[in-house]
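Going by the order they are written in, the chains are A, B, C and D; count residues from 1 in each one.
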Amino acid sequence: MWQGRVKISVNEEVAPGYFRMVLNAPQVAEDAEAGQFIHIRVNDEYDPLLRRPLSIHRIISRRLKVKSLKLPDIEVLYEVVGKGTKILAGKRPGEDLDILGPLGNGFKLGCVSGTVILIAGGMGVAPLLALAEEIRREEKVKDTYVIIGARTKALVLCEDAFRDLAAKEVQVATDDGSRGYKGLATDLLQELFSTLNLKLSTTVYACGPEGMLREVAALTVAKGVPCRMSLENRMGCGVGACLGCVVRVKSLQSGVESYKRVCKDGPVFEAGEIIWE
Amino acid sequence: MKSEPNISVDIAGIKMRCPVMVASGTFGYGEEYADLLDLSRLGALVAKGITLNPRQGNPPPRIVETPAGMLNAIGWENVGLQVFLEEKLPFLKRFNTPLIVNVCGKKEEEYVQIAERLDDREGVAGLELNISCPNVRSGGLSFGREAGATQKLVAGVRRVTKLPLIVKLSPNVTDIVSIGRAAQDAGADGLSLINTLVGIAVDIKTKRPKLTNITGGLSGPAIKPVALRSVWEVAGKVDLPIIGMGGIMTGEDAVEFLLAGATAVAVGTANFVNPHAALDVAEGIREYLEENKIQDVNSLREYGKKW
Amino acid sequence: MKSEPNISVDIAGIKMRCPVMVASGTFGYGEEYADLLDLSRLGALVAKGITLNPRQGNPPPRIVETPAGMLNAIGWENVGLQVFLEEKLPFLKRFNTPLIVNVCGKKEEEYVQIAERLDDREGVAGLELNISCPNVRSGGLSFGREAGATQKLVAGVRRVTKLPLIVKLSPNVTDIVSIGRAAQDAGADGLSLINTLVGIAVDIKTKRPKLTNITGGLSGPAIKPVALRSVWEVAGKVDLPIIGMGGIMTGEDAVEFLLAGATAVAVGTANFVNPHAALDVAEGIREYLEENKIQDVNSLREYGKKW
Amino acid sequence: MWQGRVKISVNEEVAPGYFRMVLNAPQVAEDAEAGQFIHIRVNDEYDPLLRRPLSIHRIISRRLKVKSLKLPDIEVLYEVVGKGTKILAGKRPGEDLDILGPLGNGFKLGCVSGTVILIAGGMGVAPLLALAEEIRREEKVKDTYVIIGARTKALVLCEDAFRDLAAKEVQVATDDGSRGYKGLATDLLQELFSTLNLKLSTTVYACGPEGMLREVAALTVAKGVPCRMSLENRMGCGVGACLGCVVRVKSLQSGVESYKRVCKDGPVFEAGEIIWE
């Protein structure tokens, strides 16, 4: 966990209202895992007051001029939804940004093997691309399927990037049918489930809007397929101290209900443990 | 200036190397921040409020940002006294930093029992009675909004503990001085002020409050003027050392509180924005003293008395 | 939606074309803003508080900016009743906009005399009793911080006027509902809330308060959560129409107040930031109603009752 | 009086910590007079909340491409002293700014004639340059003297600009003597007074830090020389409504004391009417 000011080297609009930003932050990148996030202070004033959490989208190598050294950088992908992200979008390369991270528990691949399915809704691609990069290094994973859902064609993000990461198949669903399947990403998941032998090791990783995650949780729990999903919640501290970001969970072992902190115990949780309100 | 200015203070017998502590509920039990800053450089650490039994707290959403502030309705989620003593205290004892335990309860009985059990505990430097938490209601106003109830509660706790007893005041009152006086009369050794202001934020999409608990406690820079006014009012009328808090983000903010009459300050919401805030604030105070050629931080609180 | 939503409201018998007025003390007597916006489009205009005799107000500095807010200690500078009637009222009468006169005083007598003289005045649509001004002290708390004093004052004024009587409440109290009830019992027709929170800002260079008056009234977005909470509390317990205010900058902010239980809103500090704020807020409310297919702004205040 | 968003066409550092900004604001420039100011909202958030007042420094002509039309623009000169001016300094040409103006009562040259002395301390040059431009058009003014005071050489602003405006003499004083006279601008004023025949029509215009203005007021009142000076005060509304910006004055006619609003009744006042606290 590190906190300090880092330099922005890229901040560009990649789709209408969606930006990618590269931060020269080797202190954070070195320890970062897929599913973790950084907590960003968007300005020096007190409005907005709190930091904004953004998932680690990619860790990319930057070659330094001197001594052909390489340093890892952090890339984030964000949508402009309110004042904090609007201020971020106005930053220029060369400016500084105060970040804190890496925070949270990532996807924790552990001893994953066999078939892996990544399902992303909208901005949900952000942490899943980092995960896809990690999965590529997992020798026991045979096939990786990627399902991307978006409102419309222009907002389908990272499709090529996932393909480049040697996913077996990248499927796209859009609400308006302007690209790929017309309908929900979860329809595609259901269909995929019907073509796979779920008795063989299969794991699902999901990130996206709450409605989608709820449905993914229902589907995977019903089929007994292990599924880990990344949640979002309003955050205060981001480090587990304020208890502001909790989600209601039921222990898979004991059945005991309690609150867990999205920032520290998550943001990645087992689909089965989440109690949806 | 020849010598370094003195920044150590004494609050109700608790000796602090610098006048900056972290405010209850904003720093957990220290564990989460231990990676980010050296806890042994804090003036004191005030633990997250504990109750006799564990409490799960309020359903989320529990926090919402407001202009230059935030509302929280955590609702006293905490591990309870027993687990605190077994699992949290040992960690906190490792640092050479006074630990002040923030005590919450629904009934006087609860406060008294907690105070009794903490009285002879190694590693506990003092108690802070949170009589002002707006997020738990037990039939009407909380203790800290009425002088009589305050006096009774503080007296009850005073009877069972020799530890320095700090009472944390609520700003949601007509006359904060009368509450401070009641605490003093009942034997308190110090006062913390302010706790959060009661507020609401509304989600115009759902047409409901943003917090499940409806109301929450407002903290952060937005409330700093109210906090400074409260400290100044109480400092002029009550003869107890004051821990000032409410919106402190920088050393300059802290100096405002010290000038208004506080002996020490606590940093709350700022920890979320800048995890290093408490130490930065302490450093800012030291720099202010040096630049202004002031030898002792304890001389600052005399200024407010002359306004 | 077929028809335009209705945004006209009735406060204590005062008919307003839209639910947005400008708050007392933030809009002078309308003259200064007449160049910048069409006063005849406002829901109502609340004049700067007047006293029986002219008052010079406090020595400067009188205002200071705080995070997302400001403190003011104008101290009732105003031209006095006579000059108001002779020089300010004629100008204000030109606009087809209800004028509410904000009345201040040190003694009950003063309020009563002003009310008497305004009672039959053409061009005066209603009175707003400012019983909560924190910047003038007359031995202890202002009237509006104690239910008994409130009731007595309001009853006294009620006796001499048939004009709609709105009482403006202070948030600097333990129980704002009790003050609202006292006003209701004494015959008030409506309530305005909130006035400013008492605060201080300190100049660490001079080691003195930034305001000559020491304390000032905090307004602006910083206090919005406290204002919303106050409105919601009072709306649930007191059966009078409420004018909600405190930190309203946008139509969305105003909708929060209407959902919490206000019948109308007032825009104060926002006028300084955006001279067009009141009309922008009105337009924002209209858009909200359209987008949410709500036919009548008066239906919004039912939501808060169900929270 | 106009309020709206205008485009920034120049924003550059002219001396360490001093910036000049050009705003394409013909709506304001057309009515503006020397000594008036504009009230600027530096960002869309609520911290800082209030607008910031800056004097009109110059009104400059911009030639439009089409039809060889000309539009007047507003130039301001500002020092970075706090968060508002820091945010201003970070703006790029092409960005918008919400301004309100022109506000206040300017220097009101009226029927000035004979000798005119402009005395500026630090940022005080800002409105006085606009005044110098107006004075140039006054045929009855014979000689214009300019005195500029600054902390150090690098912070002496607009010296050449005043010379170009055909001032008879531009004198400079610096605290550290790094340029011109070592000492106070008011020392130079005193000296100048001793060389002029003050019986002949002489008028002083001043702007600068309070200490300097106080001294200028004392000198001019003592000699019976008419003097108008521009004051600064914390502002709320800027239009005369909030009564937040007042200064204590004593009527030159009646001797009655009262408060006047710097934003509306000023910012320019008669030196003799101001009551210094």
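Everything that follows uses one rule, which is that a residue touches a chain if its C-beta (ideal position, glycine included) is under 8 Å from a C-beta of that chain, and two chains touch if they have at least 3 such contacts.
This one's a predicted model, so the numbers in the text were calculated from it and none came from an experiment.
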**OP:** Using the touch definition from the top, list the chains contacting both chain B and chain D.
**Re:** A, C
**OP:** Report the inter-chain centroid distance for chain C and chain D in whole angstrom, where each centroid is the mean of the CA atoms.
**Re:** 36
**OP:** Take the average of all CA coordinates in chain A, do the same for chain C, and state the distance between these two points in whole angstrom.
**Re:** 47
Subject >> Computed distance of Cα centres, chain D from chain A, in Å >> reply: 54
**OP:** Could you tell me which residues belong to chain D and also touch two or more other chains?
**Re:** 46-48
**OP:** Please list all residues of chain B that touch 2 or more other chains.
**Re:** 67-69, 220-222
Original post:
When you draw the chains as points and link the ones that touch, which shape shows up: line, ring, star, complete, or other?
Top reply: complete
**OP:** Spell out the part of chain A that touches chain C in their complex, as residue ranges.
**Re:** 46-47
Subject >> In the complex with chain D, residue positions of chain A that touch it >> reply: 43-48, 83, 87, 92
Original post:
For chain B, which residues count as touching chain A in their complex?
Top reply: 25-28, 31-33, 35-36, 48, 56-57, 59-65, 67-70, 72, 74, 77, 220-222, 249, 269, 271-276
Subject >> In the complex with chain A, residue positions of chain C that touch it >> reply: 67-68, 221
Subject >> Partner chain B, residues of chain C touching it in the complex >> reply: 66-69, 71, 141, 145-146, 172-175, 197-202, 204, 207-209, 214-216, 218, 220-226, 228-229, 232, 247, 252, 255-256, 259-260, 288, 300, 303, 307
